[in-house]
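Once you scroll down, you'll see the structures, which are given as structure tokens.
Both complexes shown next keep chain A, but they swap its partner, so chain B is in the first and chain C is in the second.
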Partner chain A sequence: MEFYFEKVNTSLDKKIVADDMLLTKGIPTTAGSRMLDGYVSLFEAEVLTRLTNAGYGLCGKASVGELAIDLLGETSYKGACVDENGKILNPVAEIIKSGDAMAGICLDANGYVRRAAAQYGLVSVKPTYGTVSRFGMIPVACSGDCVSVMAESASACRDILDAMAGHDDKDGTSLPESKCALLKKSAPVVEIKRVAVITDMLCCDDTVNSAVNSLVAKLEADGIKVDRIENDLIKKSRNAWNILMSAELCNNVSRYDGVKYGYRSNNFTSIDELYTNSRTEAFGDFLKAAILFGSDTLSTENYMRVYDKALRVRRLICEEFGKLFKEYDAVLMPACSAMAYSIDAVRANKDMPYTENLYTAPASITGLPAVAFEGVQLICNYFNETSLLALCEKLEKEGK
Partner chain B sequence: MRYETVIGLEVHCELATDSKIFCSCSAHSYGAEPNTHVCPACCGMPGMLPIVNKRVVDYGMKAGLMLNCHINRVTTFDKKSYYYPDLPSAYQTTQWFAPVAVNGLVEIETSEGKKGIRIKQIHMEEDAGKLVHDIREDTTHVDFNRTSVPLIEIVSQPDLSSAEEVEAYLERLKALLRYARVAECEMAHGTMRCDVNLSVRPEGSDKLGVRTEMKNMNSIEAIKRAIEYETARHIDAIENGTEVLVQETRRWDDIKGKSYAMRSKETAGDYRYFPDPNVMPVVIDDEWFDSIQASLPEFPEVKREKYTTELGLSDYDAEQIAKSIALCECFEDAYSVCGNAKDAANWMISEVMSNLNARQMTYDMLTLDGKALGELISLVSGNKVGRANAKKILNAMFDDAAVVPSKYAEENGFIISNDTGLMDKVIKTMVEADPKAVADYKGGKEKAIMAIYGKCMKELRGNCDPQMLRTKLIEYINSL
Partner chain C sequence: MDKDTLRRLELLNQLSLTEEQKSEMYSFFDRRENDLSELSSIDTENTERMVHVLPILTVVREDKIVQNFDRESLQAGAPETDEGYWCVPRVVE
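Coming up: the complex of A and B.
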């Protein structure tokens, strides 16, 4: 059981760990897949370049689940990390907890970063889509992929966000510098005054419910107005996101065909067999299921009925959040259904990542910023994540 | 029964941009070593993101406007998925939902008269690489130089009905796209490729027959042969029941002169198009649209008409110059400076074209400054530079774009001095050196004088008014 995929020596004090979705020069990047075993990129992720320039030192790369779409990393081709009771462990969170790194830089494609932060009592921020470059990230679901930060404290998240946010000409979806600047520490912070708890999203166990209640109590104690509201549209993010994510994923992983780099089967007599056998041998079961599902949603037969409809649902959900943010500064919901996952339960119920992302899909499908804090998740309007982190910082200080 | 052939074409043209469509690699690798014009982006490596080359959209719009299309002011890119070793990302970025241009019309002329061919759409997309088969080693190599080279695909409606019309249509596309300087359209270079969709139906019927498609045709002659073969095959199938026609993709074997059905495995499949989330919709605002529209050239026939009616050129001269927009622009600039269209046309057709030929350059490759050419023509017509020296100056202008004719003439002693003292001296010397010619001339052989004239001109290095020299020479001889 290895939390590190690859360890790196650094003499710098500000140590960070990257998950294995970030491309690194000279160090392998596999996205947790046998398909990319031994793959070394010719270039480095833009965020790592920016963080290096800001004085952060990479102390290693953490294992991820195959293409980072699972719960916590349990589908890595290197094997799942579990404790003696069969509880699934997350490598990035473990490395931060061990004190090796002050923060983890991860790709949030299907919410694993927020789930890990919530379960470990860490802070994570998934910034507004387009404010942090995706250049050099292994692509999963490009319309929602976000480089995210996981750290011990909200202030550490803010520091790192400050260093990595910014326009990048190498990413066609990167927002202009004027917008990215809203994530910098120098940008003005607005006070969070009203928070909505969506009761429809509180379908979780007692440990999570008590985390929600406990944070609500703290917010109210600080004079923040908290309303419990009903909303049955936001939870529809999940099905729509599963369609969009799987379709994009299917397309993005089709480049791994055994022809150019990565894994190639020894067993083929034609180009078709080379493709089929390489992919059959190298991809894991969950990824294969996602590919099949994604491919199906894009078929001529299903495109309008499934994929196009999911795009329309995405629009509706964006509009719904827009309405909510007219009244509220943030929306509070769980990040996971339970504070721990057992490996046995996940093995018995293989589609769990497609159900457990109920809580993480809303921010993924809309590109809204989300902060995991004290075991739950806060979502705010675009470019307001620093305000949310400032609130978390304040609560951290009060808690001490 | 009489039949008519119904043909629609999908024409791929490589756009003449400097760089590829989504990365900054050079788009020009014709004849280059394999895999020397590549980067992680056009090799499909994970983590690279596509950045749209604005020039490609410029050219896509220009092509659309040249073919009388409506331009979609919000145009988007989509992913088309299929597996093939020459497609490194296993998807081609193309335009499926909102292509840059739609609903156009191209007018062609054949022996049967004029006809309009409707354009369904023009979309921008990236090219794939090339597979190089090594028969000796029984292996296949992949060359990614061509991946992500920008293309437009021009899709016509099934409005064509003969090989002659297809040829006229392709020639017309080539002329218009070359005029707009967006594409070379040279089938021999692979910068124009053509898929032919063909069906046959009883003459006058409004129902379409079973359609077959022949992909990647790369010469007009092959296309003509394939159309004739396919038409005959279809009619034979309908009339004589020789085979059952099915909608399929066929490969044309130009050596055997036959078409073959491709294995269904090669053609079946679902491309699973969807919008590319990495490429934001391209919004063409008024300013951008207007600047492209303003940059469009006149059509070749408009140029020809203008040259004959307004400038008084002969049909032949107008036709020659209108062959290339580069020639037209050079000619028009030269005329604007020298003020004599006939002179300018003569220089274009004799001297400029022969300079291009000598340098093995096509007309489109002409970069000569037309205004400078006009200045040169003025120097000759104003008797300031002799014609032979002017040719030398033009040659220098081809070699070095910075050459200014008047300056170059001065520096090289090409300015006609009309120094009568010097002229008299030279005439005297040359006449005395050739008493036989003088005697011949005086004896009635008028042509005998030309030898002396030539020697004088040579001695004066061409820098004198030919008429003046001739007059003075005759006067001198007569005075002896």
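Coming up: the complex of A and C.
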């Protein structure tokens, strides 16, 4: 069982691990897919350049599930990491827990970073969409993909966010510097005074419910007013996100054809066979299902009924959060249904990444920032993530 | 999802499924249809589509070279090349 996809020597103290969705110059990048086996990028992800310039040293690349759309990394072509009891392990979280790295830099495409952080008792932050460059990330669902940080503490997340946020001309979806600057440590922090718990999202097991109740108690003890509210629309983010994510994914993986780089089948007599056999042999079952579903949503027959509908629902969900943030500073919900996943259960229910993202899809589809902390997730308004992290830092200090 | 539609999707996406995978795919699509039925109950008639969550406009840049790689580097990861070209099976007889 290997958590590292590649190890890198660094003499720097501030060691970080990148997941295998980030391009690294001279070091292989596969996105967990056989299709990119042997691929070495000619340039590195902008975030890694910024972190290197800020004194962080890359100590390695962690294995990731194929295109990072699974639960914790179990669909990697190198095989799932599981313990002796069949519990799925997440490579980035394991490397941080072992003390090898102080933080992980990962692509949150379908929520794996938040799920892993919650299950390992780590902190993660998925920043506001557009504040951290996506240049040099393997694209999955471009309208929701966010470079995220996972670390032992909220203060480490804040430090790293400070170093990597900023406008990047090389990323067409990068926000202006004036907006990105709101994520810097020097930016003013808003006090979190009211938090909403969406009861419709509490369909999880006792361990997760207990984590929710525990954090609620801490917030209330700190003088923060916590209301339990109902909201059926936000719960439907998953349904819309699965459509948008799959459609974008289907387009993004169309570039992998076995011609210019990566895997090529040995079994072909024509150009069509080269394409088809290379893709068929290299892609895993779950990715194939996601590609076909995404392609179907974009078909002439389904475009309006499915894809267009999901885009409209996205707006309604954004507006719904907008209404909530007029009254509340943050929304609290689980990040996962259970504090561990069994590989047997996941193999028996191959749809799990499409159902378990019930909790992570709301922040993915809206581009809102989300912080996983003490086993649960807090979502706040755009550009307020440093305020959330500041609250988490305060709670960390009080807990010591 | 019917047999013909699945075959069309396979062709469009350059994939070839085994019979077992096809059988799983029918169930997978049925479950996605259930997901969609939950969205159908949401009234979106007067709601605009939202492609980008933030007001991001198409970026227009000056047409100048900012990064360049030599052909050898670009082809270093290719499965098969010959004299600076990528090799594929004969397309035109």
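Definition applied: the second predicted complex is superposed on the first by the 400 of 400 C-alpha atoms of A that agree within 3 Å, B and C clash if a C-alpha of one lies under 4 Å from a C-alpha of the other, contacts with A are read in each partner's own complex, and residues count from 1 in each chain.
Just so it is clear, contacts are C-beta pairs under 8 Å (C-beta built on N, C-alpha and C of every residue); 3 or more make two chains touch, one makes a residue touch a chain.
As the structure is a computational prediction, the values presented were derived from the model and not from experiment.
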Now for A:65: first (chain B), second (chain C), both, or neither, which partner does it touch? neither
With the two complexes superposed on chain A, say which partner A:23 touches: chain B (first), chain C (second), both, or neither. first
Using the superposition on chain A described above, determine whether A:260 touches chain B (first), chain C (second), both, or neither. both
Look at A:138 in the shared chain and tell me whether it touches chain B only, chain C only, both, or neither; answer first, second, both or neither. first
Quick check on the superposed pair: does A:104 touch chain B, chain C, both, or neither? Answer first, second, both or neither. neither
Contact-wise, after the overlay, does A:73 reach chain B, chain C, both or neither (first, second, both, neither)? neither
Chain B versus chain C as contact partner of A:172, first or second or both or neither: both
Of chain C and chain B, partner touching more chain A residues: C
Could you look at A:351 and tell me whether it touches chain B, chain C, both or neither (first, second, both, neither)? second
Could you tell me if A:32 is touching chain B, chain C, both of them or neither one (first, second, both, neither)? neither
Using the superposition on A, tell me which residues of chain A are in contact with chain B and, in the other complex, with chain C. 42-43, 143, 169, 172-173, 254, 257, 259-261, 271, 275, 295, 299, 311
Chain A residues touching chain C - in the complex, by the definition given at the top: 38-40, 42-43, 128-130, 143, 169, 172-173, 175, 233, 236, 238-240, 242-243, 250, 254, 257-264, 268-277, 279-280, 283, 285, 288-289, 291-293, 295-296, 299, 305-306, 308-316, 318, 350-351, 354, 365-367, 382
Considering the complex alone, what residue numbers of chain A touch chain B? 23, 31, 41-43, 45, 134-139, 142-143, 169-173, 247-248, 251-252, 254-255, 257, 259-261, 271, 275, 295, 298-300, 303, 307, 311
Can you name the residues of chain B that touch chain A in the complex? 40, 43-52, 79, 81, 83, 85, 88-91, 142, 270, 272-275, 277-280
State the interface residues of chain C toward chain A in the complex, per the touch definition above. 1, 5-6, 9-10, 12-17, 21, 24-25, 28-29, 31-32, 35-36, 38-40, 42, 44, 47-54, 56, 58-59, 61, 67, 69, 73-80, 86, 88-89, 91
